[in-house]
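Report on the structure given below.
In order of appearance the chains are A, B, C and D, and numbering begins at 1 in each one.
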Amino acid sequence: MSNKKELSIGLVGYGFMGRTHSNAFLQAPRFFNLPYRPVLKAVCARNADRVKSFAENWGYQSVETDWRELVARNDIDLIDIASPNNTHAEIAVAAARAGKMVLCEKPLGRTAKEAGTMVDAVESAHVPNMVWYNYRRVPAVVLLKKLLDEDRFGRIFHYRSQFLQDWTISQDLPQGGEGLWRLDSNVAGSGVTGDLLAHNIDMALWLNGPITEVSAMTETFIKERKHNLTGQIEPITIDDASAFLCRFANGSMALFEATRYARGHKALFTLEINGERASASWDLHDLHRLEFFDHRDEGQLRGWKSIHITDSEHPYMKNWWVPGLQIGYEHTFIHQVADFVSALGENRAAAPTFRDGLATEYVTDAVLKSAKTKSWEKIPVA
Amino acid sequence: MSNKKELSIGLVGYGFMGRTHSNAFLQAPRFFNLPYRPVLKAVCARNADRVKSFAENWGYQSVETDWRELVARNDIDLIDIASPNNTHAEIAVAAARAGKMVLCEKPLGRTAKEAGTMVDAVESAHVPNMVWYNYRRVPAVVLLKKLLDEDRFGRIFHYRSQFLQDWTISQDLPQGGEGLWRLDSNVAGSGVTGDLLAHNIDMALWLNGPITEVSAMTETFIKERKHNLTGQIEPITIDDASAFLCRFANGSMALFEATRYARGHKALFTLEINGERASASWDLHDLHRLEFFDHRDEGQLRGWKSIHITDSEHPYMKNWWVPGLQIGYEHTFIHQVADFVSALGENRAAAPTFRDGLATEYVTDAVLKSAKTKSWEKIPVA
Amino acid sequence: MSNKKELSIGLVGYGFMGRTHSNAFLQAPRFFNLPYRPVLKAVCARNADRVKSFAENWGYQSVETDWRELVARNDIDLIDIASPNNTHAEIAVAAARAGKMVLCEKPLGRTAKEAGTMVDAVESAHVPNMVWYNYRRVPAVVLLKKLLDEDRFGRIFHYRSQFLQDWTISQDLPQGGEGLWRLDSNVAGSGVTGDLLAHNIDMALWLNGPITEVSAMTETFIKERKHNLTGQIEPITIDDASAFLCRFANGSMALFEATRYARGHKALFTLEINGERASASWDLHDLHRLEFFDHRDEGQLRGWKSIHITDSEHPYMKNWWVPGLQIGYEHTFIHQVADFVSALGENRAAAPTFRDGLATEYVTDAVLKSAKTKSWEKIPVA
Amino acid sequence: MSNKKELSIGLVGYGFMGRTHSNAFLQAPRFFNLPYRPVLKAVCARNADRVKSFAENWGYQSVETDWRELVARNDIDLIDIASPNNTHAEIAVAAARAGKMVLCEKPLGRTAKEAGTMVDAVESAHVPNMVWYNYRRVPAVVLLKKLLDEDRFGRIFHYRSQFLQDWTISQDLPQGGEGLWRLDSNVAGSGVTGDLLAHNIDMALWLNGPITEVSAMTETFIKERKHNLTGQIEPITIDDASAFLCRFANGSMALFEATRYARGHKALFTLEINGERASASWDLHDLHRLEFFDHRDEGQLRGWKSIHITDSEHPYMKNWWVPGLQIGYEHTFIHQVADFVSALGENRAAAPTFRDGLATEYVTDAVLKSAKTKSWEKIPVA
């Protein structure tokens, strides 16, 4: 590390995720007591003017326009990949080989195979690594994980999770290029399966353990759109919607669904888990609440409790404000930085590692395959 | 009683409340095991054609067009008064003197003075009597009363209650005559104070004990309307909205508010009570739910619980359907009949009695007076 | 018909559904203007004492202990089947052959094959017939159907529906016999697929049209239970939980799930539909509300609207109380009687007919088959 | 200004509000395009060790332990007062006289008289000034203000607002000293009236115009507590709860209530406004939602809409994330900095100014007086 107290960051990409990560690096040390202070050393993107403007706004000390230059720099400890999915593997492998720590936006690769090369690279190089499945750091979800770990739910019977959006319903929306590469399967790898369901799956694997088999269905509602890079009407090859049934190793059964065609829902990531003794649910549109049902409550007073996750005894919350005052979306990234840096100080890995990210890709690959074969598909162990 | 098993009812009035009462008399014995079976012996109203039609629909055995005739009949055990407020006192006093049991729609009288004569009459005659403050029989509210009686709340600090409607906002709405006598102070006695706040107050006195003093404010937003009986534009003399601050004998402080000018609210009767150890709230738009907060819950899991009051262990509910299946508005009247008839079988009074109804009128009188004097007014003990 | 004004009912079964139907026959003519008045002529069940007690409570004029006697009576116009599933087909076929109208509790038969014989019987006999899929008569759902018929949603992309209960989680719960025959596959036909999912499917077919193919998964969490009739521990052969993915003929995709192992949910029947221009959702725990999202609303003011379905312009509601005052579960049966009797007066069929009920059974059969074959199964046209 | 691009901040106080302000100064320029960049030049507090630690965490370039030194510095453009209420007036007056811009935490002074001296000072000195009534910058509330300004509500009939907390219920909680000076009337000026109701009032004056008269009630539930500075049991002289009725100049009537004894509520700031054509409500526990009822909606589809205020067309939100992703409490301060600095660039005042803050104090003074006199009190014009 360039300095005992500093952790020098080299960011690739300045889009939406470049902003959330930069903010997290800056805010984490102000609210959490961390062993290292992230320093925004350099940001890299191809457009020189825009990357300079981004660097100035966030306080990056320098810019690069070729990620290979960034990876080669000696004053960088950590490469943070926030560029489109098709760039993840190449950059991550190179960064690991250069001995850098590597953080990578989700999904790890466009396929499990691609993700596998990334896992191999960071594990061979023994470099700290983490995937930005940020929703694991929502305080309400962390509390749920804690309640599960304390075995308050008993045997788990059901799990269900959705990610519902509605931003691609218009036929007039083009595909491709900045902001719209998520509609281009060459860049994104897949549609909602990799973009949205990957979040649901990562969370489910963490909360409820391995998935063993899936039966899936996908749909592309709008078959062709103008491509911003070619100017032509081109076929859409991503999945607009994706749903699957599955079984978990713990015997529970589950339904998952993601779509960009659910009118009225902006980013409605939901999850619910039903156990013998308790149930809980959560959703992203009110991320500061956990709904909890405890069957051990007195019979006549049983009900779903809406817990406002803003007390000092709730995960992460003593570092923020006072009871009743909610935090928001960006804080999940801040928590992830805080956890990564804390783990670094103790030579621990911070989850989800690249290997954890690979486990999710085994499931997304199986989902996409099952939708084609119309068969149940088994999930390999990551 | 005309027959050991039968309880012969003579109903006065066939409006909205005539329907709810008739339905309750018919339904109560089908769902509750009662010592007497209410028999719809006669219904009385001035319009002969309409009262016949009403009688046919509900199965009344006979009709009358003069309530004095009804009261004079020997085959009637109980006079049920569901006619406009200005008729309550005269009918109730006559019925009591004739030795009939008397049920009366709320408010008991147009003023505490009028209500006092009714109390005197039924108490002198020693006849069973009850006021139709039906919301005391909402299962969720009865559960709340039980929780309070078990001292689960500790010292009470706050009480608040509203009754918000929006049906008189239009300037085009006339006053007076059928369906609209509630806008005519000669008939109704007052506006929302007697019509709506009376419900809030009756409930509060039952749940939280006596009120000692009030400071009130009333308003008439629309000053004149066409009168349906005269055809003329006439001043509006009722209160369109009424609110007051008060103190209870138990040391808690409270706010009450009722209006017919709260756009978007149809019949939003709400209440909330905050104690040292617990709080609860309820509202009429989702009357099958009780919201409950218990401070003795484990700290990190404290929250407001939404209890779906449909289990067999909830008040009245074992007599209805199965868990999850809600009942509605009309059931509050059915419960009130069931309770009245059960009490009758045990020679007990069923609350709220006329004396309980008088206690509410002491408060509504004080509210109306305080709004005029702009002073705090003390409440007499009923 | 025995009398131009009367419709003489012969009810089979006095359990939970016997109560809901009896109440509906009594209440419908009091709240709706109907061409015939249902008369409770006879109720039939094997236990003579209990059927007499039931008859007395509800006002049935006579009792039978053999349904064949009931079917043979000349003073009965309509046979209403509210006995366990394994009795439906035989009684319905005999009743139709005797020229009676036939109403039958859902599911129609234990299998599509059994249901098919019932359809054949009523259609050959040209007798009015209806299945008690009562939830089609929830006012909020009827409003939704109307909005769909007015094409306010545009192209439909998604449908999802659940029926979540938790009453069989305890290992101590026995199977078989009164109240528990739903756990015995010989009597019930299947578990939650026929008991709960059938409701979800009937509603979906009505709202969203035919389902073309399904991929399903079922589970029996508790493998054996004491049987109340034999006193022995016996295997459980019903499905405790059932879920499926499917496609509709209109191109939309869907997920369905039912279970009796979802802790915290009593009777949570939910549905949601997402169209190009609008979305809506509803659930049985707050059956008096419809959640509606209209994309044509002004952009900055778009949101999910909670419509309190208690206004006179809402389906059925002008016959009940006033705005803000909710009705409950039992009213769905009252509405179904009102609709059936009204249709009878106009020589129209009232949906869902037995043929409609058969369409649901094609889906439930395919669901159960798919869960075994682990393949997608096509749905025949009813 | 020390530099055309920089705005040098001198902060007084490092408590809870010191943190929210510091964060806001740092974050505002990263998310908003501002004419000046706030620079954290110095922070001042009496405890040298702790102020150094605070300065290091937030990046203040220097520290002071005497606010007079801070005010005297030439390299400071703006004095930001985040120290306890009893220090506001003296510091603000000195800062204004020294020609500094002055920002001050709410309430402006302990009394209207004290606040008046502060208004005089900043107005005489012609220095930009603002009070941190941060909740005016909640995007949902700003949208509401916009809807009101567009006259979508018509004539206003009702306003109601609460601020409910429960953190002082325990008798064991001491008073006085750090973190607890809000229980000491010498320091705080008053209890919930100045601490909580002041927020409700400021918001109401902004949204609904001037208040003309009030009738109030206050209560101190726990009469004495140990004082942390003296170690003695001492009387509590603040108000634990405060409520009032009032009339607005626009003819609407209102209820306000604040307390620290409402078990189950952490920081439940609520408001509702009812107009002829529309109503809206909002609360701080779900600050990212606005509830809106529009009477001009089609009759059968009227309902309360829950608008998730996360779209780019919502106030401030295009500067944050994407639809569906919520922001939290701290953002209200960031918005206030952004608005202040933007206004500065255009030589405009940013509301609420000290004069606006004084208007609130006229009301809080009248509330406290009315509670003592038990009379209606008129409100002077600020």
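The rule is short, and it goes like this: a residue touches a chain if its C-beta (ideal position, glycine included) is under 8 Å from a C-beta of that chain, and two chains touch if they have at least 3 such contacts.
Quantities reported herein were computed from a predicted structural model and do not represent experimental measurements.
Of the two chain pairs examined here, A-D and B-D, it is B-D that is joined by more C-beta pairs in contact.
Chain centre most remote from that of chain D: C (centre = mean of CA atoms). Inter-chain spacing, taken between the CA centroids of chain A and chain D, is 36 Å. Inter-chain spacing, taken between the CA centroids of chain B and chain D, is 42 Å. Multi-chain contact residues of chain C, defined as those touching 2 or more other chains: 265, 302, 304, 308, 311. The touching residues of chain D, when paired with chain C in their complex, are 143, 290, 292, 294, 297, 299-308, 311, 313-314.
Note for the complex: chain B touches chain D at residues 157-158, 160, 164, 166, 169, 215-217, 219, 221, 241, 243-245, 247, 251, 253, 255, 257, 259, 261-265, 274-279, 293, 295, 302, 304, 374-376.
Considering their complex, residues 16, 20, 23, 26, 30, 57-58, 165, 167, 265-268, 284-288, 308, 310-311, 320-331 of chain B touch chain C.
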